[in-house]
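Heads up, the next two complexes both have chain A, just with different partners, chain B and then chain C.
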Partner chain A sequence: MSTDIQTLKSLDLFAGLNFGELEQIAPLMHPMKVTEGEVLTRKGEIASTFFIILSGNFMLSFNEERSFTLHNKGNIIGLSTVVSPFRYTATAVALTDGLVLFMQGQEFLRLVQSNSALGDKIMRKINEIVLERMPYMTGTWEKRRY
Partner chain B sequence: MFGFEAIIAHDGLGISVIGISIVFVSLILLSFAVSRIHKLIELWDKKYTSYQRVKKTQQKDQKTPSVSDLAIPQDVQRASRQFKLLIEWIGEPFPLPKLLDLSGKCGLSRPHSTVNELLKCELIIPDENGYYVWNKQLEEKRSST
Partner chain C sequence: MENLLIEFLSNTGFALADYRNIIMILVGITIIYLGVAKQYEPLLLVPIGFGMLIGNIPVIKDFGLGIYESGSFLNYVYYGVTHDIYPPLIFLGIGALTDFSTMLARPVLMLLGAAAQIGIFTTFLGALAIGFPPNEAASIGIIGGADGPTAIFLTAMLAPRLIGPIAVAAYSYMALVPVIQPPIMRLLTTRKERLIRMEEPREVSKKEKIIFPIVGFLLCCFLAPAALPLLGMLFFGNLLKECVVVERLAKTARTSLIDIVTILLGVTVGASTQADVFLTRQSIGIFALGAFSFAIATAAGVIFAKIMNLFLRKKINPLIGAAGVSAVPNSARVVQMVGQKEDPTNFLLMHAMAPNISGVIGSAIAAAILWSFMSL
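Up next, the complex of A and B:
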């Protein structure tokens, strides 16, 4: 089952996209229920799936057990699907039951590579998120509140 | 009277010039209006999106109660004592995955959602270095009230 355009439009990652671009993404994104304690990604594994949170609470844990939690609709898990070396940098665990949208990493990568305008818009936002999460990955801290 | 004579006699040339002028002026005005339509649409779009943004912010504000307003449910209060003991054992600041792992091993029920509740109540707070601490101030404040 694919996702409707209105749901995609309400997500921060896709907020700047036009109807035609959202129409390209919609068939690739699928809803999935998650249960408390479920592991969505494992650190070090090949990044095969990209997730966007619709509801629920999640924890991302990085090297040396540094972690932060995600509680908002539109938060993203699995950025490594479009960022080299395409391996998950964090383990994502559901703290509560919830609902996520998922897309296969290969399809996501193909999408951003095949349509430069669309890819540019999405990758800009992804880069911002990567920068925010960088301290958790590297352990090098600047004064930054997540 | 026929031909040009008749036209001139009845002011035909003047009427033709006026007619042609009216048609061309109308066409110029129409083409100008058409060329400005995109600006009008842009304005309308902006008005609509800013209205939506304001509406969304208002809805968000109404929906999300501030954390300080949240009361700690009784079962979480009970679980918090157990979690506090575990945190004391780990030492502060502590990694959240370690707390989850340990609470699971100790057989605490639904450790993930309990930790989430403790985070929501701000009894567990991030130290901005990727680790967490027990919020003693909040605990003291709550126990004194």
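Up next, the complex of A and C:
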């Protein structure tokens, strides 16, 4: 089952994309219900799928017991599917029941091949998110704060 | 009754197996492991790995089971490999999937796809020098194109008995692009070069995209007519994609058709690696020369990009030269990965797609040239 364009349009990751581009992405993004306690990604495993949260609360656990929660619509889990190191850098667990969209890495590669400009746009956006998260992932945010 | 039981037991795989079957089964399991656990080109390695298991179950000769026994199921399916049916169909799917606009936006980058083919011809000469006959040397050289269907296409024409090792080598190196290419790319470039940012490519009009597969086909096939089956299907597939009015056909070509053919090709290529055919000293030579060919192709692309920079006003990042081998889009993704390690805000993916796609065309033309020479 693919996702409708209106849902995609409401997500930060796809903001600014035109209708034709969203139409290409829609069949690649699949909705999935998630139940409390379900593990979406495991730290260290090959990153094969990324998830976009539509509803629910999720905890991401990084190194040295560092973790944070994601609960906003449009937050992404499993960014390493698209960018280096291509292994999950956190374990993601659902804290509540919820709904996510997911895309497999193989599908993303096909998208890059079939429309590299669109693949590039998505990759840039994902990279922005990675750079934003970096201080939290590495702990430099805490050092800055205290 | 006792005789029947003894006969039954003597016909089981346990009784018929020798150490070579076990070695090949272990190789098959390793390939499945690489596909599943490491996710190196799983769509290719999983069918090939399982095909290796199928092909190396010892069976009674003339029982109509083995891939090389006429009339067997595997033999019928293998017909598509030995008679060059599958590779053009895969090219049709690739054409229907691939966006050529990055290449059209900056045609000069096509030269990188051409430069990477140096690996093919260097290895051809190397294989000749160490004693392979010309037809086999040509088939081994084509591994450097990092294009499984092209390697199978040429080998089926020139050296059919080597299809197994050459196809497995070609697909293995395609899968190992993220492992093989980065050290070569880093070795041949300075940090300053890896930091080069490239300008945004211009927008390519719809009209250009529709005209390209027709003009590209005519130019390439007038230049190298032997590439007709591969490039004819590639450009036809691309026309289906770009002209929009036959979207149903394009969708079938890039999804169901390519997937079905990949399954048939992967399983039979794997099954063709029967221990008695595959485990030879020649196969070791093929794997070694294939690795050499692939490394030279990567290096040639990078070095050629550096040479181009001597003449270009707007410099190109030489890393994208490595994408001139035709493992699409993995090679382009590796370029992006290596570039981003130096500067996380530098995006080379789209630029690398240009030589990457040119590499597909380039390796098909190289195969056609070799085939033409061997047929003289």
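One rule holds for everything that comes next: the second predicted complex is superposed on the first by the 135 of 146 C-alpha atoms of A that agree within 3 Å, B and C clash if a C-alpha of one lies under 4 Å from a C-alpha of the other, contacts with A are read in each partner's own complex, and residues count from 1 in each chain.
Following the convention adopted for this analysis, a residue touches a chain if its C-beta (ideal position, glycine included) is under 8 Å from a C-beta of that chain, and two chains touch if they have at least 3 such contacts.
Values in this document were obtained by computation on a predicted structure and should not be read as measured data.
Legend: residue contacts after superposition of the two complexes on their common chain; A:Asp120 is shown touching chain C, with no touch to chain B.
In the overlay built on the shared chain, the residue A:Ile129 is in contact with neither chain B nor chain C.
Using the contact criterion defined above for the overlaid structures, shared-chain residue A:Val93 touches chain B, although it does not reach chain C. In the superposition on chain A, A:Ile5 contacts neither chain B nor chain C. Of the two partner chains placed by the overlay, neither chain B nor chain C lies in contact with A:Met32. Annotation: chain A has no residue touching chain B in one complex and chain C in the other. In the complex of the two chains, the chain B residues touching chain A come out as 95-98, 100, 110, 112-113, 115-116, 119-120, 126, 128-132. By the touch criterion given at the top, residues 46, 48, 83-84, 86, 105-106, 109-110, 112-117, 119-120, 123-124, 127, 130-131 of chain A touch chain C in their complex.
Contact residues of chain C toward chain A in the complex are 37-39, 42-43, 97-99, 101-102, 241, 254, 328-330, 332-333, 336-337, 340-341, 344-345, 347, 349-350, 353.
Residue ranges of chain A in contact with chain B, taken from their complex: 36-37, 57, 59, 61-62, 64-69, 71, 91, 93-96, 135-136, 139, 141, 143-146.
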